[in-house]
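Shared between the two complexes below is chain A, which has chain B as its partner in the first and chain C in the second.
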Partner chain A sequence: MTVSYLKMEGIAKFFPGVQALKDVTFEAAKGEILGLIGANGAGKSTLMNILGGNLQPNAGRILIDGKEVCIDSPTAAANHGIAFVHQEMAMLPTMSITDTMYISSYPYKRGLIDYKKIHQNCRSVLKRLGCNFDPREKIRNISPGDQQMVEIGRALLHNPQIIIFDEPTSSLTLREKDHLFDVIRSLKNEGAVIIYISHFLDEVFNLCDRVMVLRNGETVGGGQLSDYTYNDIVKMMIGSKEIDTYYSRSEHSTGEEIMRVEGLSRTGIIHDISFSLNKGEVLGIWGQLGSGRTEVARALVGLDPIDSGMIFINIDGSMTPVKQSETKKYIGMITENRRKEGLLLPMSVKNNMSLANLPKLTKKSIPFVIDPKLENSQVEKFVSRMEIKISSPSQRVETLSGGNQQKVIIGRWLQKNPLIYIMDEPTRGLDVGAKADIRRIISELAEQGAGILVISSEIEEIMSISDRYIVMKRGGIVNEFGGKVTREELVAAATGALTEKE
Partner chain B sequence: MNLHNSGISQLFSKQGASNTHELYLNWTRYLPYIVLIVVFIAVSFVVPYFLTVPNILSVLLQTSSLAVLAIGQAAVLILGGIDLSMPGVMALGAIFGAMYMESGGNSVIGGLVMILVPTTLGFINGVSISYFNMIPFVVTMAMQAITIGAATMITNQISIPVSQNFCDAILKKVIGIPLPIIIMLVVALCSQFVMTKTYFGRWLYSAGTSIPTSKVSGIPTKRVVLAAYTFAGMMGGVAAIIMTSRLYAASPQMGKDSVAMDIIASAAVGGVSTMGGVGTALNAVVGAIIITLISNVMNMANVSYYLTLVIKGLIIIAFVAIDANSRRKLSR
Partner chain C sequence: MTGKTKKNFSFRNFLFRYGFLFVLLLVIVYFSASAPSFFSLTAAISVLHTAAPLLVIASGLAFVIMTGRIDISVGSIAFLSSAVAALMISRYHLSIPLAVICMLALSCLMGAINGFIVVILKVNPMIATFGTQLAYRGIGLFLTNSMVVSLPRSIRFLGNKKVGPIYVDILFSLFVLLIMFLVHTRTQIGRQIVAIGNDISIAEKLGIKEKKISFFGYLLCGLMAGLGGIVMTLQVGGVTPTSGTGYEFSAIAMLVIGGISLYGGEGSILPGILIGGITLAVIETGLNYVGASVYVYSFVRGGVIFVSMFADALKTQIKPKAKIIEDEESSTILAK
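Up next is the complex of A and B:
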């Protein structure tokens, strides 16, 4: 191995309440591709944001070419030859390729943008990437794969020595991906340090020379990829931590089919999603961020459009096809974005809890008019059943803690009592006690006969409540597992390690 | 109807008033009433006969059409939208109704035309905004241009007189109170009831507070938006009847652009938030009274039309600033 060009030593980073990184050390040499992998929240992005100048570490130092450097801004990072190809492409759809690439660094000539020069530069950079399009083309007219090339082109403008790729393949087709890998390999051959962040083990094995695995903000292993198998890496990613016992679900049998989904598709987002859900069953959807799990949940309740597919719901004993716009009547949806899509923040707990059920809270004698007594009694009933801590039902919901807010949202649906619940990251950002409460409520709902679809990024959580699993990757279902699955199998399926081997 | 049980207090609770945000909000909640009282006292000093029953009835009669328009605007503002087309829509409705009656049509049907034409135009606004995702500001501004242009073209800028019978019927006094004032009160109380006591009202406030949350909770947000703009159109129609009767004629002058500013100023001064989710019909009525009084005073003081515009514009900005500031403190 050649001498290391980049070295990060003892890097630590605290955020309020969490230690995102504790003492991470790694090095990378010129002319090699280092794969950086880890589960959601392992600290990959934090580490690379420190290298890219977006975040400042609380401890540790960064050495480039043997000299200690201070990277206190993205500009400083660029001056040290570090370029960052972001996962979320920062594109300006209505502007040209040249404008998108040069938006923060236009060269001027006599007070005007020197378009002649930058068109030329763009053309030569794009040529290096094997692209032949006109730099004056508008971004919205080129494919996502070509946009990714523009994003890389922007990173290459200032001749970087260190190039970070953060999940660059998430929106690419197979052919575009192959082309991207060729480009990355040629950049490596030109002598750059490449750091490649990915959820997908198959990609890492295909592309990288060396690997480093992060878990909970620590380096847990790494080295030449040829020394490892998929299994070794999966084990390093999840570690030996036992499933936590905040709440463990007891064995129980499930009832008849309550919802069936056939061939749900939306071009470029999800494809051919088919599964069924039974009464009294908790079905876990497991997958990496961006695997399409949230998009499936949203499509089921008509929040996102679909191109094709059927949804059947068991209405009065028979499986009836339900239009996508009508499924809301039978499904209680808890989205991952509590503040934006879950709550009416400036309004009272009462208003928030009655929101989904208002037409049923009316007076018998006068239609449409809300019966305040009925409303108050319903709200009180579910506040006490969910053990929500409030000073009064007219307290503003934004003054509550995250756990109590989430309980308000779940209480809202309990009051409506739908057949099916969909919960996307129901415990995200909550403390341990609130998490356990929510899990207990999910189990109780299932025992009372509801069908529940749960999405979670925490493998311990999804394993502690689910009866059955479907695993998603790149917008499709790749595996289905029963209750006896191991964590290794779930992680392997979602990262592509399992399908590659079989 | 109890003011304390109206929209604002229903939305923003009195609980936990110990923290400063709540205190701040409590203060802004009463601002419209404080302003109303201050303006009343000020005017009664300047105008000696101001606090007499006939004069107050005449002020309320003057207020009635603006108040009805402001109630329609309030529904749209609560939803988080805006309707700039109300004056034009009202004028066109009035003109169609007057033309129908002038050509020998029945007065009752003429009145219905005055309501139905604006309602239909409001419905068109609503469909454009809810189902075609167009921007309220642009759609309603275009609608204002279309209606006022059409109104001027059709009439050749000449007022169309309406029959004495029609006007007398609308202006007649019931227990000493002119009918338009009663119409205003009935419209205000009904709207207040729907906004604060029924689930349509609750849907309106929740959609105005957060469309995404309302959608996820299964509220038919598109239909709520459509209903609000249609209601605004209908209020334009009611105002058209009152205005036509008071002027004994329908004229495109009724729909000039500056009327939209009076309507929005009424809602804003009365305590309806231009950012959605807050306010009631009664707030709009209080605001309309304040704006009418201010207009009267400036009229009496011989303030020029243009200076009046400047002052009203400043009033809108001042009240929107107070509203924005109270929200900023709240969300901190």
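Up next is the complex of A and C:
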């Protein structure tokens, strides 16, 4: 057994309203790669931000080489030999590689920056990473994969003993990823402690020696990776919590095809997305954050451009190809971020609800002039149907609760009565009651014959409303499941545990 | 396919980078054809002589523009600081070095005020420096009673003093450009200014004290406006109520023509500002040589500013394309 070099003991962190970490303890030795995994919001990033000096713990202590240390800033972390390779790269596109690495710590010689020396240092660090480019090259001329190497190179400048990688592969191609893994392995062989954060199980199994699984801010398991199977880890990640039963969807039959998507692609973002959706069906799109699920939704309604692919929509009984710019006529989109993209917060409920439907609310006698009676009656009709709790239709939307805000958005689309709804995280941030309400509405819409695409990062939610599932990973569809899928299967598919078996 | 796009792109890049060099050549050829005396050493020197004060002012302004902000009060800073110095020398008969020191300190102060309003109080840079432009000029007009303040004969000769065939102020402005070039490319502050122009939040993440550095940019801009004011005043032999009017836009035009992007983070002091300065001065001197009406000057200058800014906007629009090309590569690999 190797001696542990780094030890974090009893770490706890509170944020207003949430306990992000409760009593987390772990050790890591030199010359090993520790995989840190967990679902979104499990506390991985919080824990590593504490180690990196970006956050202060409320309890617990950190020991390096047996001595207790205080890490109160990123600089202090660097002084203790801790380097953090962030998921978000900090690149300066118009500047050189050397500049990007040295920007806040240039060495001087005779009053001027000693470029000769730092170009040389840069070149040797890059060479250690297996990169052979000119350090004077501008960042914008190198690929994202090479930029990632620059980011790592910057972390290596100060000869760190502990290196944290936070989701470093999210912007890399397969080839670049393999290269990165080689680099990480060679750093390990040089005797560094490596902590590798990821939500891709296949990566962790490929790279790491040991694993630690976090769930809801607690360590739920860990140890030598060779002792575990994919399934063990998946079980640890999702726990044994039962699917909540506030609203469970009843079985029902679905009708004819209403939308078909063929080969939808956008270079570097999504590729070859094909699926079909039936009348009265709720299709769940499941995948990790950044798997491309939101991007698919945005591409379908023309919010993001596409490079290739066709969208067919059932118009008056026949499947007709529809231009991306015209799908809006048939699809109601409820965005992930309702406060920023869905609502005009300072305006009234009435204005927000009739916004997408104004041309239909004009007076018959005078064109372009809104008929207030018609508008009021429409709004009232949908407010009561959706059971939106408001004092009057002129109440400002920003004063409503999240659940009622979401209902206002859905109510807006109901007026237009689209064939298809796309709902991206429809219940994010809502309380349990409001969640159940929204799920009931989704179900009702489906029963009335609409086709519905639902995206959610809560597996219990997506499982309680979907008839069928497609699973996305890295911009592509990796699996399709019918209604009888288990949670384990869904999680395994999205984290890459299933691809190994194929 | 990918290779073709890349080639295409680099051609456009080439055009954007050297486009104004072509324009400069065209302009020189045109004026030389219509006024043969234009293509001469005398004319070339007079072009640089005209450009000298603006070169100095633009070299300071560059440090604001490279952070992605702007300062349109530089003409007024040059005017007010020169007016104060001229008054100290002519009316109060103070020693010349003292007057110069006071005037440079004053121009630093004016730059610092701009920096304070923009960086600390976070007022929109265009509006803030438009306000100080009016305020500084107002103070200057009040102090001079809107009258011309002439410099004494003993120093007036400096403005047209030559070493061999070359004016002293040309050498001075080239020297200033060289120093500013070194500050920009070989000091941490200069590099951090460019980093801020890339992206303020990324710069802060990288440990750059953004406010301090941006404030310094405004201070330096004020100082250089004051230095440029000295050159301007010596050339004319005194300060007039309209001294420095319109300098801000000429200086901005010089920078943009020279490839310093108004969106920040991009461009060089040398040769950028020199090319921009010469292009602008050649056009004005050339119009003079062909005997164009004075009113044509403003029209042409306006046109040049517009075209160069449009080119700048186009340049930033094509930036994201480079990224997509790389994405294309990666997705083909993914597809395999």
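One rule holds for everything that comes next: the second predicted complex is superposed on the first by the 494 of 502 C-alpha atoms of A that agree within 3 Å, B and C clash if a C-alpha of one lies under 4 Å from a C-alpha of the other, contacts with A are read in each partner's own complex, and residues count from 1 in each chain.
The rule is simple: contacts are C-beta pairs under 8 Å (C-beta built on N, C-alpha and C of every residue); 3 or more make two chains touch, one makes a residue touch a chain.
These figures come from a predicted structure and were not determined experimentally.
Enquirer: Taking the superposition as given, does A:159 touch the first partner, chain B, the second, chain C, both, or neither?
Expert: In the superposition, A:159 contacts neither chain B nor chain C.
Enquirer: A:226 in the overlay: touching chain B, chain C, both, or neither? Say first, second, both or neither.
Expert: So A:226 meets neither chain B nor chain C here.
Enquirer: According to the stated criteria, A:132 is in contact with first (chain B), second (chain C), both, or neither; which is it?
Expert: So A:132 meets neither chain B nor chain C here.
Enquirer: Between chain B (first) and chain C (second), which does A:365 come into contact with in this model arrangement: first, second, both, or neither?
Expert: It touches nothing on chain B or chain C.
Enquirer: Looking at the overlay, what does A:106 touch: chain B (first), chain C (second), both, or neither?
Expert: The second partner, chain C, only.
Enquirer: Please give the residue numbers of chain C that touch chain A in the complex, ascending.
Expert: 182, 186-188, 191-192, 194-195, 197-199, 202-203, 205-208, 265-266, 319, 322-324, 326-331, 333-335
Enquirer: Using the touch definition up top, name the residues of chain A that touch chain C in the complex.
Expert: 74-75, 90-95, 99, 103-106, 108, 112-113, 115, 140-141, 143-145, 172-176, 265, 267-269, 271-272, 474-475
Enquirer: Report the residues of chain A in contact with chain B in the complex, numbered from low to high.
Expert: Going through chain A, the ones touching chain B are 301, 303, 328-329, 333, 335, 337, 340-348, 351, 354-356, 358-359, 361-362, 368-370, 391-392, 394-396, 398-399, 412, 416.
Enquirer: Can you check the complex and tell me which residues of chain B touch chain A?
Expert: Checking each residue of chain B against chain A gives 10-16, 197-200, 202-203, 205-206, 209-210, 212-219, 277, 327, 330-331.
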